[in-house]
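Heads up, the next two complexes both have subunit A, just with different partners, subunit B and then subunit C.
On to the complex of A and B.
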């Protein structure tokens, strides 16, 4: 039973690290601020949640603390991404190669300077 | 088995520290304030991961408490700075 838990925790740690790695690579390589925000969402949701599940499996003492932190990350990360994207649109940062802009003319925008 | 778990945790910890360094580099040399703010949030998230990994290494749950406090502070500061960038005032 102990060995099964440890193998599961190892797999969860490796999967979480891969997700974080993909997120950081996306953050470096993506062309504009909005797509970079899309990439960093992977780090905070999948990376942290898988690492915390591994910590819960390996250290039984931190079960409820880990669940509280998972809930907090799952609630906080989307609202942080929303507020950053809203600020980027309000100061008028340009998108690279947009398909369409549903908010065009409905919100006052700046000139792209911060 | 214990040795493999400890070794993998050290490797994963090193990878997360490296990624946090990359994020800190983008805070220093970002193109605009939004990219810098995103990098700051990313660095906070990776520091959270580092704290969770230290709690796995030490088998001690006090580091998860620290991680909860860091998550709350990082969330509040990022939202406040984003609001300041968009409206030029905080409240």
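On to the complex of A and C.
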């Protein structure tokens, strides 16, 4: 039983690390602030959830504490991504090659030099 | 009174989950902390759920959690796939999505779950509840977004209206 748990935790840890790593690659490869937030806000969060699941199996972290932490991560990360994106748009950071922009002219914008 | 219970009961459950200790002394401390914090709260306009509608609310809430969980998994994998694609297939843009919800809470929850779903992230919300959403692939998102939003909106309205 112990071994099975350890193998499962190991698999979760590898998946979690892999997704965190892909999140960092995304942060480097993506062209502008908005697309980078997709990489950090989704892929990295996916990685963190898997790492927390591994921690529940392998460390003295209790199941409920782990689940509450996962809930907080899932509640917090979209809010953070939204507020960074909103701030970026507000100060006028440009998008690279936007296909369309329905928000244009509907929000007070700076010139991107702040 | 019911407002106080509405805030302090979830706080109490979170406290117990975080301490992981069901001894009577800890239960008393948890209850005191929860009630104390609920007394300190600012005046919030929470939507209350009538007791007879509770089963319906819970059923819709559970289905909603599964829909969001599916979005998280698909969102993580599909964004990871875009990141790892050598060609980096991006067609970014901001599209307007009407939330279809009247209440602020409904709009906020819609915006939260859109930000978790694949390739979409809410940048701004206007007074009428229109969510301006940044998409990694505009054409693809526009095709699926109306359907996904009506599913979410359906579950949310079962929960709160």
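Just so we're on the same page, the second predicted complex is superposed on the first by the 109 of 114 C-alpha atoms of A that agree within 3 Å, B and C clash if a C-alpha of one lies under 4 Å from a C-alpha of the other, contacts with A are read in each partner's own complex, and residues count from 1 in each chain.
Keep this in mind: a contact is a pair of C-beta atoms (placed from the backbone, for glycine too) under 8 Å apart; a residue touches a chain by one contact, two chains touch by 3 or more.
What you see is a predicted model; the values in this text were computed from it and never measured.
Once the two complexes are overlaid on the shared chain, A:37 sits against subunit B and subunit C alike.
Of the two partner chains placed by superposition, only subunit B is touched by A:54; subunit C is not.
Of the two partner chains placed by superposition, only subunit C is touched by A:101; subunit B is not. In the superposition on chain A, contact is made by A:46 with subunit C only, not with subunit B. By the touch criterion defined above, A:3 reaches subunit B but does not reach subunit C. Residue contacts after overlaying the shared chain place A:79 against subunit B and subunit C alike.
Annotation: subunit A residues 23, 37, 43, 47, 62, 65, 68, 79, 86 touch subunit B in one complex and subunit C in the other. The touching residues of subunit A, when paired with subunit B in their complex, are 2-3, 6, 9-10, 13-14, 16-17, 20-21, 23-24, 27-28, 33, 36-37, 40, 43-44, 47-48, 51-52, 54-55, 58-59, 61-62, 65-66, 68-69, 72-73, 76-77, 79-80, 83-84, 86-88, 90-91, 93, 114. On subunit B, the positions that touch subunit A within their shared complex are 1-2, 4-5, 8-9, 12, 15-16, 19, 22-23, 26, 32-35, 37-39, 41-42, 45-46, 48-49, 52-53, 55-56, 59-61, 64-65, 67-68, 71-72, 75, 78-79, 82-83, 85-87. Interface residues of subunit A, counted against subunit C in their complex, comprise 19, 22-23, 25-26, 29-32, 34-35, 37-39, 41-43, 45-47, 49, 62, 64-65, 67-68, 74-75, 78-79, 81-82, 85-86, 89, 95-104, 106-107.
For subunit C in complex with subunit A, the residues that touch the partner chain are 14, 16-18, 20, 72-73, 75-77, 79-80, 82-84, 88, 90-96, 111-112, 115-116, 118-119, 121-124, 126, 132, 134, 136, 138-139.
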